[in-house]
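Structures for review follow.
Two complexes come next, and they have one chain in common, chain A, joined by chain B in the first and chain C in the second.
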Partner chain A sequence: MDSRTDITRAVIVWVVLAIVADLLIGFLLAPHMPPGHFSNTASDQTEINNILALILTPIGLGVVTFFVYALVSFRQPAGAIEDGPPLRGDRRLQLGWVGVTTTVVIVLAIVGTIELLQAPNSQAGSGAGGGQGASAISHPSGNPLQVQVIAQQWQFTYRYPQYGGVETFSLALPVGRTVEFHVTSIDAIHSFWAYQLGVKADAVPGADNVAFTTPEHMGLFEVRCAELCGLWHGYMYSRGHVLSSAGFSKWIAHAQIANAPATHYLPKYAHVYYPLPLQRGG
Partner chain B sequence: MIVILLVAWYVVGYVISLPPTVPQASAAGVTNVTVQTVASYGRPPHPDWVSYLVKNESGQWVHSTIWKVPANSIVRVTVLQYDGQSGLRNPFLGQPRGVVGGTMTVNGKPLKVLNPDEASHTFTIPDLGVSVPLKGIADDAPNQCAVTPCTLGQAHYTITFEFRTGKPGLHRWQCFVPCAAGWLYGFGGPMQTVGWMDGFIKVV
Partner chain C sequence: MSHTETPAPATPAAGRSGILTFNLLWGLVGLVVGYAIGLWIGHRMGSRFDWVAETDYNDVAILIGYALGTLGYLFGLGILNHPIARMFGRSGGDIAKSSTGWSRYARASTDHKVIGNQYLIGIGIFFFIGGLNAMLIRTELLHPNSPTFSPGQYLTIVGLHGAMMIMMVSSIILGPFGHFFVPLMIGSRRMAFPRLEALSFWLLPLAGVVLMSTIAYGGFPTGWTGYPTLGSQADSGMDGYLVAFALVGIGMILNALNMLVTVFNHRAPGMTWARLPIFVWSMLTTSVLMLLGPPMLLAAVVMEMLDRTSGTAFFSSSSGGSPFLWENLFWFFGHPEVYILALPGFGIVLEILPVFARKPLWGQRLAIAGMLGVTLLSFMVWQHHLFVSGINSSLRPFYMFTTELISVPTGFIFLCGIGTLWRAKIRYTVPMLFALAFFFNFLIGGLSGVYLSDVPSDVSLHGSFFVMAHFHYTIMGGLVFAFFAGIYYWLPKMAGVELNERLGKIHFWTTFVFFNSTFLPLFAVGMLGMPRRVATYAPHLQFLNDWVSISAFLLGASMLVFLANFVWSLLVARIPAAANPWMARSLEWQLPTPVPVWDFDGPVRILAGPYEYGNPAAPPVMELGPPIVAAGD
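On to the complex of A and B.
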């Protein structure tokens, strides 16, 4: 059997497997691809996850197919042990492989960069949902709702500077309005992960980490800490609510009244806090 | 096999290192829990660690932070607070929350919010939305407690509040003040060890 026949057979097997796999991904997996469509950020992440799956699965199958084919077809038969034929380079195959993989990487880089640079509340993009540091690469237009996420061992609290700086234990957001999260910590390093919203931003003491999203559906979403932060890290879990605009107005008004005694003692709103005592004694 | 043995050794070591579960007496739907917070336990293995102690059904002090209370009942907590003022890292926690009537008492007087600078600890059960700041004694208070169990004749505040337990479950509780003296930012040692400033409420 010559090498051309082997290559033809392996390519046929690979193409069939790749088509079947991509059809399964497209019709069965894609509709359930996490994190879903609860916000524009999550939708974009889901779309990119689908693109990655559709492109990378054939590549992975190609490697596995040729590997398995070689193991089966070119195995040493029982009996005498002798050297195989000498290997020679194939310039066309090498250039093809480098060219295809380079193209794939560049395309994915362009897709990711466009996603990062698009305005967070534009129809075209969402700003990726990750923490962008204190100076965000892309800014939304209009008047986003600012929510400060304050991490501490071991609970998140939330501050709303546009509503008198009130702080709350629970997180509520209005549907359809862009949210500008300012994530920080007052002790160790944590990570604010609002899973269904597609938002994940590190909470670092003395740092302001900005992330954007626009909730598109009402309901509950999970909030977890995604950075190992001590004894009760695993318990640093809660649920947030996306409410109607009227429901949010009612909720924040109630929060302002209920938390008024504590609000009186809160420090002036700032993007970072350096609470004392830094080192407790006794 | 070695890995399995190491994992088993770790799990068994963790379980037997937990403090005992202390059931709390209940009558007419109300469970009384009496605890004390002390600046230093005063005994081995960590005599200088800040800690909680709890009274058992016989009225004896037990060094444990795992307490068992009935479901769907009211828990009436009395805290004898012997530790000094160190301040809340987050002043938001100066307001009692998740407690019956939205208030606590300090030496018999109702209090809606505590000056964050005067706090010594908090008693917080995040799952149940319960968070209560505990007022600390003044630095120059006379007759301060050094060795547990502290007595009523020593400087302290008596803090009371009530909360509802709800359905059965296991809930962690903790102090939110970085109160571990000598540890970086006050968050090591007793703040990271069940039996000292962290524990469980077993609602059964």
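On to the complex of A and C.
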């Protein structure tokens, strides 16, 4: 049996496995792929997760197939120790491998970059859902709802600058309207992770980190801190609500009235707040 | 390349022995005494610290204590004998090259073989301590919301596990196998700077002791990444973390310099670059990373020490600094560090594959190109750790591209692996099984890394258990599996005894099965929204977490099988190993077991490459000239 037959057989096994695996992923796994479709950013993350699964599974299966084929077929006969053929390489095969892997990488990078450059509420994409920094490279059209997320040890609070800078302990958003989160911290580094919403942005003291999303369904979503922030990091979680437009108007109006005395004493709304530094000395 | 012409004594100068000479015991005494003196000085200097500080402990005293403790430790070990003697114009004070008996392992030695074994034991101890911490973490996570440990204890355990594994175990291959075998594989009798070699080893256990001393100060809450502002507000345990990382960083830089100079200048005649074993190439590329990455870490660590003691504000945004500075400096070290962990694994498995496939290494130049490519690219990807940090979002496409690009040179290693196995004559020995499992684990680790390199996907997965599963697949499934491949392959040469093969196979299968059973579900746990380093989680994730915890305990138990094998074979059974039990061609196996103190009896000339399997025309790998006799004999 010459080498060509072995390669042909392995390729056939690989192609069959890859097709079966991709069909299984496409029909069974993809509809349930996290993080779901609660917002446009979550949908995009789900879509990318699915695309990557469909591309990477055949690649992984290819490597595994060739390894397993070699391990099963080319064993040392019992007893004697024989040498294999002194093959040192194959220029065409090596160049082909370099070409194929480089192409896959470039395609993946292009897909990801296009996704990043989309306006955050366009049909084509959502701008990833976090970490846009103080100067986002793409902006949503229209007039997004601004919500400032202020992280501190160990809870998040939320300010709505378009509603008199009121600060609340719970997060509520209207469905279907683009939200512009401004995430900052007043002590350690935290990370604002609204899981179902497909939003994650580090809360860094002295920095204004922007994330866009558009909630597409009403309901509850989880908020957790995703960056180690000290003693009670594991307990830094809460829930947010996506309400109807009317429900949100009612909620924010109530919050403005209820929190009016506190709002009066809050510092003026700003993108970053500087607490007094911790004094150390020796 | 003509160093072998320097005469070497046929018998080594017998080192002084006994408890009264410089050894580990006196090193520890020096450590304690130096620490006490430093603490006293610090308190004298800063006795009024509580007038200005909002803290109730004196960081300056603790840092001076660690610094003087380090000096005392090195003095007690005898590391400083040579420089002190030279300072007074004397030539003596040198450490003996080697001596016999177990006591040489508890003293500073300039024999690269003794240092290799010292590394094996030293790093092995820290590996098991770090592993025990992992067991404690999984105990905590058995239940979603009824903690076993207090929050502070839990964070300390998490931090110690991470820091112990990253700091101490990062040299798990370069330490034992690099030091023992690189000189042997290139036909040299020693490393280029044997005294530096001793220093770089002995800094490592010291760093481990310093790291564990943080427990006495209440631990440190930051995990191994030490992010400010948490690191600046943390209690004095943080000082130990900083000192330990500084010591490890210095050790890495010295190690890298030594390795680079050795490989460049101490190759025997005929050891051309094309004949250089792939394992030595991996040590070379690792050393490039170790030379260029840790200085950044040292800078960051010193800045943080100043922030904590001297009122500077490098990382405090309230006073004009920025936590982003730490994040950048740390990951500029931290990402090359990841490849410091990966490259030695590539080297070992590609070294082992030809031996048990009885074929030349397929595409050797491609494999070398892959390692060099990884080395180069690993300095251009660090901001992928900061995709959601909000530093500069317009750079994200660039870092996404470079990160995905690094999978191309990594892919070369896989192609070379498949090529070597194709039409081979494979023997399924224990080291071969571990090397093959390396490819499987690293494949999963690498493919999951693509998710993390893609920004939209990373926004969802960053900081979750998915990341944690990913790097455990590359580090535990990659580096540690390669380490076990190395230990089963080379221990017969290092210790002169055979390891039990049956126990080895049990160890392999239990480790492989329970490793995957532990970490594969964690990808799902992360995708379902569980962040890293938390003590609580959503109740619907309890089944997966319990599955993982039980698998982790069984994985821990499989390590005990190894430990039993190691102790049994080394201390009880002691079956002498053959000089070349694997019928390997490479240089280190042509030497007798145990390896003579001066390695090669005569001048070495390399005649052929190490992987000429199946080539009947190939000459033997080396010839030895007539033995050199020292002038005095």
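For this structure, a couple of remarks:
The criterion applied here is as follows: the second predicted complex is superposed on the first by the 276 of 282 C-alpha atoms of A that agree within 3 Å, B and C clash if a C-alpha of one lies under 4 Å from a C-alpha of the other, contacts with A are read in each partner's own complex, and residues count from 1 in each chain.
Convention: a contact is a pair of C-beta atoms (placed from the backbone, for glycine too) under 8 Å apart; a residue touches a chain by one contact, two chains touch by 3 or more.
Since the structure is predicted, the reported quantities are computational estimates derived from the model, not experimental observations.
When the two structures are aligned on the shared chain, A:Thr41 is found in touch with chain C, with no touch to chain B. In the superposition on chain A, A:Pro261 contacts chain B only, with no contact to chain C.
Of the two partner chains placed around the shared chain by superposition, chain C is the only one that A:Val204 touches, whereas chain B remains out of contact. Looking at the shared chain after the overlay, A:Gly247 reaches neither chain B nor chain C. Of the two partner chains placed around the shared chain by superposition, chain B and chain C are both touched by A:Ala188. When the shared chain is aligned, chain B and chain C each come close enough to touch A:Leu231. Counting residues of chain A touched by each partner, chain B versus chain C, the larger count belongs to C. Contacts of A:Gly164 after superposition: neither chain B nor chain C is touched. Residue overlap on chain A between the chain B contacts of one complex and the chain C contacts of the other covers 187-188, 230-232, 235, 275-282.
By the touch criterion given at the top, residues 3, 6, 34-35, 41-42, 44-45, 48-49, 52, 56, 59-60, 63-64, 66-67, 70-71, 74-77, 81-90, 93-94, 97-98, 101-102, 105, 108-109, 111-113, 115-117, 126, 128-137, 183, 187-189, 191, 193, 195, 198-202, 204-210, 222, 224-235, 237, 272, 274-282 of chain A touch chain C in their complex.
Put simply, chain A touches chain B in their complex at residues 150, 152-155, 157, 167, 169, 186-188, 230-232, 235, 238, 259, 261-262, 264-267, 275-282. Chain B meets chain A in the complex at residues 39, 84, 86-87, 89-95, 97, 112-113, 115-116, 124, 126, 129, 131, 172, 174, 176-182, 184-187, 191-194, 198. Note for the complex: chain C touches chain A at residues 42, 45-46, 49, 51-55, 58-61, 151-152, 154-155, 221-223, 225, 227-230, 232-233, 307-311, 313, 316-319, 322-324, 357-360, 362-366, 386-394, 396-397, 400-401, 404-405, 407-408, 411-412, 414-415, 417-419, 421-428, 436, 439-440, 443-444, 447, 450-451, 453-457, 459-460, 462-464, 527-529, 531-536, 538, 583, 612-615.
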